[in-house]
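Okay, so subunit A shows up in both of these, paired with subunit B first and subunit C after.
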Partner chain A sequence: MAFVPLLAVQPFLAPGIAWALVVIFSVLWIALGVSWGRRGSGDADDYMLAGRNIGLALSTATLMASWVTGNTTLLAPEFGYRNGLWGMFSYALAGLGLVLFAPLALRIKTLMPKGRTSGDFIRLRYGRAAWWVFMVITAIYTLGFLVTQAMGAGILLEALSGFDYRLGMVVVIGVSTIYTLYGGMRAVVGTDFIQSLLIMGLLVLVAVLALQQFPVQELHRELAAQHPERLNLLLPAGLLIAWNSALFSMGEVFHNNIWWSRVFSSRASVVFASFVLGGLAWMTVPLVTGSIGLVALAQAVELPQVNMLFPVVASQLLGAGGAALVFVVVFASLTSTLDSLLASTADLVAEDVVFKLLNPNLSDAQLRQATRLVVLGLGLLTLLLSWPRLDSLASVLFFTGALVASTIWPVAYGLYWPSANRWAAIAAMVSGSAVGLGAYVLIAPYCAALLSAAVSAVVMAVGTQLQPERFNWLTLKEG
Partner chain B sequence: MDSFAGAVLIFVVGGVVTLATTVMVIQGHLHWRGRDPWGEG
Partner chain C sequence: MKRWSLKTRVALAAAGLAVALPAARAAQSTDSPRWLVDLPLLRLVIYGSVAGLALSVLVLLLIWWNEWRRGDVW
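This part shows the complex of A and B:
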């Protein structure tokens, strides 16, 4: 999930320890990324898609790590704290995007054995006009995601360790860009594997310790006595947000090249299982961190700011070690998301814009070089855009829910039904985005993705019924 | 419309859209299982 919390509290970690952790993990990620990047054949497919040969464990881990952002560990406890059970469940439903993409991933892998990007699919399936609409949507979303993650890195590291905002931001962007630049997708997948193990292991440790000190029965009794509304599944605030995460996440996953590049990178035999397992594994993170929010609520923990709940509880349980642990989890979450965004967006720009649109005569070596230059350019652009600190950017990013949710039906319908009409797809994306943005402004942010997806679905289905196409699936084979 | 009725309405609409999308994807997946992926279906 691509949201960034706002923080402004005393640092939890001594600067010396924070510096040591940053140096250790920065050197580790860069060394491993560069080392893994040297393996393989060295052609464009190897750099962009890790040789299309990733197995189940690596594929599952990279999906899960890319989907865990700094916010999954810091915002999910706040959801649990504020909205109780529905807060946890609704945040966890964001994993549905990955699970539901599993059958689509299998179909993509079968239909497009040479495909490289989600843009390839839209161009071949619906034509250049639809591709332009799609590229505008994905560009706005991806830039928003990149910049909010980078800003989130600066803000989070500042809150946790007292680092200057710009220093934390530069370190996280710099480290992610360097190992992605040298190692490509192979480096991203390898580091994601270790980062996902770190994230899961450390989160489980904190949750187990929290629930040991405060057993479930006691937690339930305390919440039922002090905060019964947090256990109420008919809480209006909970009902309002219940499906927003699910539909927003479907929009994010179905359209964005982060997830399409994982499909093309993985072996055909593992692609379905890895998306199901990655989604289910991810769901445990907001459930675990959300339950920490409930523990804090039941224990009436004093919070300087509610989005610092996870560091506060971890520090209470484990002292300075707990703060260091949170720092490592957040650092791993941020780098694993940024590297995926950089690599897959560079693939999209190099393949769809530089190669297919501007210069179809590029050689394989030139395409690889172009992809590397785009990684570097994106890193620098992210740095530039994130330089002025904008704490209000998080709310702006909710806008993108309206845009990405409009792509759910055009993508899925176009993968399964040859009758899916290209003009209906364009109308679905445009009208869904417009209605979603209108709902964001006129009704409430949590309605944006929901109404966008609803309108897009109706337009896509009705438009196709009125004017069915006869698409030849073999067209996708060239991509 | 009070806040509870409004919340229920949003919840129901969201549930219907999510369910419809899920059904469409599963239907498509089952339709192509065991068939020629490049055939007319």
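This part shows the complex of A and C:
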């Protein structure tokens, strides 16, 4: 989920060990990515969508790895620490975005066998005007996501290992860009498989070792005595935050090309199952890392900064080995998210802007080359925008909940209802975004996605009811 | 007047609910209800999530193994 890393202070890992880990995993990702990229037919579809034939294992793993950002392992423990069980549950509910997208993914695969991007769908379904609105929303979200992940990489590696902020950022962006550039979607999906196994396996190891040191019985006794409110299942704010989190994630998944590109890349027979499995598997990650937050609370661990509690607890309970495990998990999480963002955003820009808007006469080879250039350009742009280390930029990403939630209903209606009206879709995205942003500023951040989705739904339903269209589904086949 | 379809009514109901919840939150009293999780339930949440994560790794590897044997990975 696209949350944002914050500041930290003390390094947990000796620089020598950190460097060794970075070199090992950087070489591994690049070598595997380049090697996998050489497979396949070598045409644009192969580069952008890995040949459209990914099986269930890779499809599930790439969804899982892309959705686990650095902060799924660092912010979820903070949620558990600050809000107790509901903090963990609310973060975990972000996995609903993937699960609920499963039937839509199947529908997309059926309606658009030749489709390449989410932009293709909006343009063919609602026309160019709606496409512009959609592209503005997705550009703000994606750029915010890219920059905050890149900044997060620099900040997290600095906190974990003492690397200079810019050095850590350059390493993570550089490694992700190199193997995405040479290997395309095959490199992304292949490395995501290994990265997801690493993330999940190491998290299980850390959790088991930590719970051996501090059993659940002791945890419950301490929490019940010192912080009973963290065990309260009827926390009203928790319920609201949870639902907002679910809607935010639905907006992120329903509109963003990261997830649409996975639909187009996967075999039709595995699309539904991969989104369900990926979402369910992902939900366990914030629950496990959130439990570490509860352990820190029960143990009254001294935290220099609360967002660093996962490495603090891991190194306190498990020593230097624990810090090394956390470092690998965070490095894998960051690279797996950045590579997915780079590849899918490059697909979107190359297909929707360069090919369909600027030069429809591009050959297949030229489209492939354009996509590669966009990957490189995006990597450089991300580096440039992240260079100044604007920590305040982090809060900007939370605004995007209001924007992306407004796209849920236009996408869902557009996939199932031939009567969905194009002007209603535009009005739904604009009004939902405006009301959501207003709610964010005037009421509370956790109302933004809720009100945006609600207004968008009403506008879409009423507009369509008043002026129903008769859309021909065959139009989407050309996508 | 034409009746609104079931889909439209469901969508409008969901939207209404989304608006009603924050309003209900604002209107509620300061005495929050409490339902504290007991030890067995906490065990279920924590051990269940760890077991779920471990199971995910296992399932993913099994699926991959099965697809690899059939040549269906890519």
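By our rule, the second predicted complex is superposed on the first by the 475 of 479 C-alpha atoms of A that agree within 3 Å, B and C clash if a C-alpha of one lies under 4 Å from a C-alpha of the other, contacts with A are read in each partner's own complex, and residues count from 1 in each chain.
Definition applied: contacts are C-beta pairs under 8 Å (C-beta built on N, C-alpha and C of every residue); 3 or more make two chains touch, one makes a residue touch a chain.
All of these numbers come straight from a predicted model, not from anything done at the bench.
In the superposed model, A:F193 lies in contact with subunit C only, and not with subunit B.
In the superposed model, A:M250 lies in contact with subunit B only, and not with subunit C. Applying the stated contact rule after C-alpha superposition, one finds that A:N53 touches subunit C and leaves subunit B untouched. The partner of subunit A that touches more of its residues, comparing subunit B with subunit C, is C.
Of the two partner chains placed by the overlay, only subunit B lies in contact with A:K477; subunit C stays clear of it.
By the touch criterion defined above, A:L367 lies against neither subunit B nor subunit C after alignment on the C-alpha atoms of chain A. After overlaying the two complexes on the shared chain, residue contacts for A:W409 are found with subunit B and with subunit C alike. Looking at the shared chain after the overlay, A:A332 reaches neither subunit B nor subunit C. Within the superposed three-chain model, A:A346 lies out of touch with both subunit B and subunit C [touch as defined at top]. After overlaying the two complexes on the shared chain, residue contacts for A:L450 are found with subunit B and with subunit C alike.
Applying the stated touch rule to the two superposed structures, the overlap between the subunit B and subunit C interfaces on subunit A comprises residues 234, 236-237, 239-240, 243, 247, 409, 413, 416-417, 447, 450-451, 453-454, 457. Residue ranges on subunit C touching subunit A, taken from their complex, read 4, 7-8, 11-12, 14-16, 18-19, 21-22, 25, 28, 32-39, 42-43, 45-47, 49-50, 52-54, 56-57, 59-61, 63-64, 67, 72-74.
Contact residues of subunit A toward subunit B in the complex are 96, 100, 103-104, 106-107, 110-111, 234, 236-237, 239-240, 242-244, 246-247, 250, 408-409, 412-413, 415-418, 446-447, 450-451, 453-454, 457, 470, 473-474, 477. Across the interface of their complex, subunit A is touched by residues 3-4, 6-8, 10-11, 13-18, 20-22, 24-29, 31-32, 37-41 of subunit B.
Across the complex, subunit C is touched by residues 39-40, 50-51, 53-58, 60-61, 64, 85, 88, 186, 193, 196-197, 200-201, 203-204, 207-208, 211, 216-217, 219-220, 224, 228, 231-237, 239-240, 243, 247, 277, 280-281, 283-285, 287-288, 291, 294, 409, 413, 416-417, 443-444, 447, 450-451, 453-455, 457-458, 460-461, 464-465 of subunit A.
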